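You will see two complexes here that share subunit A, one where it goes with subunit B and one where it goes with subunit C.
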Partner chain A sequence: MAIATVVEQQKGTEETALITGSEAIAVACKLADVDVITAYPIRPYDTVMQYICKLVANGEMDCEYIVAEGEHSQFEIVKHASAAGARVFCGSSGVGWMYAMEALTVTPALRIPMIAMVGNRALDDPGAFGVEHNDALAVRDLGWQLVWVDNAQEALDTALIAYRVAEDRRIFLPCAISCDGAFLTHSQAVVKIPSQEQVNKFLPRYNRGDLLLHPDNPITVAPQGNEDWVMEIRRQNYAAIERSYGVIKEAYAEFEKIFGRSYGNPFFEEYMTSDADIVLMGMGTLSTPVKVAIRKMRDEGKKVGFVRMRWFRPFAAEDLAKCLSRFKAVGVIDRDYSMGSPYNSGVLATEVRTALYCGSGAKPPVLGFIAGLGGREVTVPDVEKITASVQQAAQGKTQPLTQWIGLRE
Partner chain B sequence: MGRLFAIEIIYRGIFQKTLARNISRAIVLAAHKEGKPGISFGRYGDSPERNGIPAKSFAIVATDDVTLEEGMAKYEPKDVDITICVDDTLAKGVESWAWYGLQPVNKLLKPGGTLIVTSRLEADPIIAMCHRKETPYEMAILKAIPSFSGLWVYKDDHTDVRILGAIAKILPDLFSLKSVQAAITDEWHDAVKVTSAARAYEKLTTVTVKPTQGNPEVPFKFDLPKWHEMGEGIVIPSIPAGHKMEDPGTHATGGYKPDRNPTFKKFSTRTMRPVVDFDTCIKCTLCWLQCPDSCFDVTPEGLYDANMEACCGCGVCEAVCPVPNCVTMVNESSFHDNASQWVAWRKDKTNYKGWVQEKIKGHGERSHGFRYLGQYEEQVPEMLDIATKG
Partner chain C sequence: MATVVKHDPTQALDPFKSVKKLPLEEYFTSGHRTCQGCESALLMKLMAKAAGPRTIVLGSTGCMYVANTTYYSTSWVVPWMHTQLGSSGSAALGTAAALKVLMRKGKMKNEPINVIAFCGDGGGADMGISGISATLTHPDYNCLILMYDNESYANTDIQLSGSTPWGANTTFSTPGKVKRIMHHRWKKNMAGMMAAGHPECKYVSTISMSYGLHAMNSMRKALAIGGPTFVHSLDPCPKGWDYDPYLSHEIGELAVNTGVWPLYEIENGVLRLTGRTQQIAAGKIRRQPVRDYLTKQGRFAHFTADDTDYFQSKIDEMWTKWLYPGVIPFRKEIEADSAPAE
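Let's turn to the complex of A and B:
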């Protein structure tokens, strides 16, 4: 690593580097030998494009690096490159991601295994840079696979896993890796960099097969179709995202074998849940204050645990319902909003309730909490406040179904 | 349950779109005069904005609101009392932009229903163009060119109100002539148009078409694949490149016939087709080069044979051919199959010469629009005369 600080040399070829979450994803792109990368600056996503740019400029990475004139073109270019058989990488943040929306909708429809990083950022206005999850969540219904990570190591590992899953012929669907702006994209941590040999073993070459757009394989892609065709096309994509659940499991198992790092259940992380009465839930980097608060509350004798969702699409509903049925109450912290939704809860809370409603086990009450919008800090006292309300619910006391936390009121 | 009435209007986009809409609107308005609720709409999957593309409008009327709702609870009516065809070349069938194959023009007609065709031909040649139907139906010919009535640049020829008068005669339970005339007055404020409706009412005659009459061909259709049978990613494999042609007499091979999509064929989108005089062709390649749909098969001797399962009837080949009368566009009603002209020529050149002469003589008639400068000035007053005098 010419740029990263190599802090220690581990057994054989595995190195470590002090890098940000964005840079970790850039390193994953280098290791995955991505062919075509498009860029258009917007904070905090731009941190990944800058780092890839450096890797290319330093001769450490060989790829087509195209700076587009806007996000829409940025995503269209990689869509086409992927159709022609290139491994691609792309990304954006906030309204930049929304500007690409038309391209984002056609990408899963055309079964393009694009990997994108979303540097989560509040949507405009008022033009805040800080994290909110509504940008990435805007594609949740379209066939994108969506995963949230909470540290730089996980960002690197998940990017490699995402390529393996997305490019699996059974799937061929795009995947967005969500990284919280600032907390993950702009803070450096020591990350283990796997060796090229390990990555080569884990990640087969992208083979588009019969869908390859190439003169030797003449095909028409995306002709116009009417109501006689649309339902069948959507049903095919349902089948693919249904399969994704199993392919993700396979990929994590294989990852553990090759890299020796285990993530347990790929879909969600459980923290101090084995004896917990109640649990909190959330996605991304709010895991840090939540875990700190839980340790503090545990010292005070409160049996609180935490379930951090990684994969939001596919949503492991049955597994989650089974897990949550063990607890007396659940508090879901959403770093997003869903205006006018059932009980005006956030997106995750609503999905968790749906998963539980149809699950076979016990159905603990689910309280929704909106917190940390626009990058506002979620503090330890905030988490304690949330926990107090969830404890009340666990004792059968009625609590508001949605509460705003950390709001000046 | 009360009684439900359904009428469809089959027309060509875009110039007949207003005509079709005016007819279906007026049907609903005339029925409304008698207290019957109704709805007028166009088939959404069609593309009526495209020039010449077959499309449909519907008027659904009922004796009460509940019955009307029953009639509307489907994408398009499955059976109709009257089918109105305002371009006689559509008697060969309806090839919608939302391609479902070729739909016979009389497909939706109830047993004993009536097909009204505006045409300058007699009933017999029109019947020959229509696919056979298992049950007998009535046919009424309203003498008229394929009208653009209602189009703002087109002088009114009263085709719309003549059709309305005819409906009052055929289906008196739907509305009376009096109601139609009242609706026409409300819509157009034109006493002459009211008279034209009455003339059509008085003069209308129908003939019964028996199941043994008409085109015996089974109309082209195809089965839609199941979702798991379809290729993924909205990807369609290309059509193979093509192959050499074979001379029907000598069996010599040569030339080039491109392979074409076996499912998406061209049928009644076309109102005219090229008739090629192979004896005068100088093999300049221009027709082959300029045809927008790659219709021309190159024969072993280097001639160009327009394939009628691909031709949209645009007339470009006629326009670019440098030899007088070598390529002539001829109205579709003159043909009853899509057979190769070159094969016919190879089999019997003298016979073919006579066939060409017969086809191009007086048949250089366009159904959709006008064929030569001044034709509009000739035809529209004639139509108006027929309308008002009957």
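Let's turn to the complex of A and C:
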């Protein structure tokens, strides 16, 4: 590893290295032998492209590494490379991701298995480099598979899983891996780097099959469908993301077999929930302060747990409804906003309520909390404050459905 | 010196000697719904014939997408894919990059495959100019960007684009009771700009469907020379320019003969005027008055004599005051420019 500080050489072929979340995804791209990669600068995701640049320059990776002139081109270039049979990688942050929105729209519609990293960043204006989840969430209705990771190891592993799922012929849909800006993109952790042999075993070569754009397969891609056919085509894409739930499960099971690391339920992580009365929920690196706070509160005898959503699309609604029905109240911490939404809650809280409403089990009250916007730190006292409100709700006391936490009065 | 740019081989595409020597095979055939007299459809047909079967075509949104590729009745025999309005440059680049890397890694049979991305003037000179410009700076990818210029957003209802001539009546520049001229901008000089701004681009040319053999050979040269190239075709449009479809060919000729549309190619940095333009420049034939061109088109029907004179004066400027006549608007000396009163 030229770009990583090798901490120790472990038994067998697996290395251990101290790397950031961005670097972990760059390593995954190298291991996945990605063919075409496009870069464009915007903080904080761009660190992944800086690492990839070094890998290419050092001869550790063979790919077409193209620096585009804007995010729209950045995503369009890899979209077309993928249609022509290449494994691709791309990424962006904040308003950069939004600049690519047209390309992001057509990519799932064209059944392109692009893998993108989103270094989550607040949308302008006012300017902010820090994390917010509204960038990646903006594509939630379009057919993108969306996953949030909270540490560098998970970033690396999830990138490999994402390639396997996205490029599965049953799916052929893009996947965005969200890494919280700064908290994950720029934070180092000790990561196990799998061997090339393991990755080759896990990840088959991308095969565009009968959709390959090539003179030997002279198809016409994306003609005018209009009212005559668009609805049927949309339904096929729906069917693909419905299948994604099962394909993700398969991929995690296979991952565990080959790499020896298990993530339990792929769709969400449960932390200290087995005896919990109430749970908090959230996505991404929020898990760090929340877990610290929970351990503290556990010492004080409060039975609090945490459910961290990994996969937001597909949304494992039935699994989640079943899980949450065990608790007396749920507090969802959104690092995003959804202005004018039902009860003015964040995006995740609204989706959790939907999942519960149609679930078969008990329906505990769901309180929404908006916290940590613009990269503001969510502190342990913030989490304690949230927990106190959720405890009140668990006791049947009316609480506001949406509360802003850590806000200057 | 080290080899910095690694060109993949291109197809050997020698010029067609005459119309009688053209291959009979068509790669853009029936199934399209373009208007009668559509010169852009003719461009598609001749482009596909010039490129041959080992070709991938990417088409950005516009007439040549909407009219040519209705689901279940595509007119393309070669592989074709839609790209977004402003993405012709990116589509060409991404496809060429994929072919290059897959062939290098042995994941695809190694052979020269033409990559052509086309765009209209809206998709090219307006929205897609940034992506096209970027692609023309990538010397290592073989691809052709072909801009079919019908001087308006002709598919969406004839709205003006950056390529619409001064004063033309479009649905976004309709003359009214107070303002006769609603479009005050002079047409963007796309080919000249692409040539002047991209030193690594080996081939830029202008063509017209009224000179089909010349156009096909220009496109073959653009495909065979290696690296990214740009070809700009002026395509008379009966619907947008408001004339009887049978006049398409004649209006294309008039554009060239009046000097409104100079034909030229810039090959490895060397400028050469071509076709009738070359003859005009050499003094072998006289430039026809612009009036002959304008009066055949309804989009200029509201022009006063002053407007026509102004148009003529701007064309004269192209020929007499530009450092390279009709190509690049760097002037030999600075002079004031005055538009007619409204």
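Everything below uses one rule, namely that the second predicted complex is superposed on the first by the 409 of 409 C-alpha atoms of A that agree within 3 Å, B and C clash if a C-alpha of one lies under 4 Å from a C-alpha of the other, contacts with A are read in each partner's own complex, and residues count from 1 in each chain.
Going forward, contacts are C-beta pairs under 8 Å (C-beta built on N, C-alpha and C of every residue); 3 or more make two chains touch, one makes a residue touch a chain.
Computed from a prediction, not measured in an experiment: that's the story for all the values here.
By the document's definition of touching, neither partner reaches A:168: not subunit B, not subunit C. With both structures placed on the common chain, the touch criterion links A:219 to subunit B and to subunit C. In the superposed model, A:46 makes contact with neither subunit B nor subunit C. Looking at the shared chain after the overlay, A:232 reaches subunit B, while subunit C stays out of its contact range.
Contacts of A:205 after superposition: subunit C is touched, whereas subunit B is not reached. After superposition on the shared chain, subunit A has more residues touched by C, the comparison being subunit B against subunit C.
After overlaying the two complexes on the shared chain, residue contacts for A:77 are found with subunit C alone; subunit B is out of touch. Of the two partner chains, subunit C is the only one that A:103 touches; subunit B does not reach it. Counting contacts by the rule stated earlier, residues 218-223, 225-226, 228-229 of subunit A appear in both its interface with subunit B and its interface with subunit C.
Across the complex, subunit C meets subunit A through its residues 53-56, 58, 65-66, 69-72, 74, 76-84, 86-87, 89-91, 93-95, 97-102, 104-105, 107-108, 113, 130-131, 133-134, 138.
By the touch criterion stated above, subunit B contacts subunit A in their complex at residues 45, 98, 100, 224-228, 230-238.
Put simply, subunit A touches subunit B in their complex at residues 109-112, 172, 210-211, 218-223, 225-229, 231-233, 235-236, 239-240. Across the complex, subunit C is touched by residues 33, 35-36, 62-64, 66, 68-70, 72-73, 76-86, 102-103, 106, 205, 213-215, 217-226, 228-229 of subunit A.
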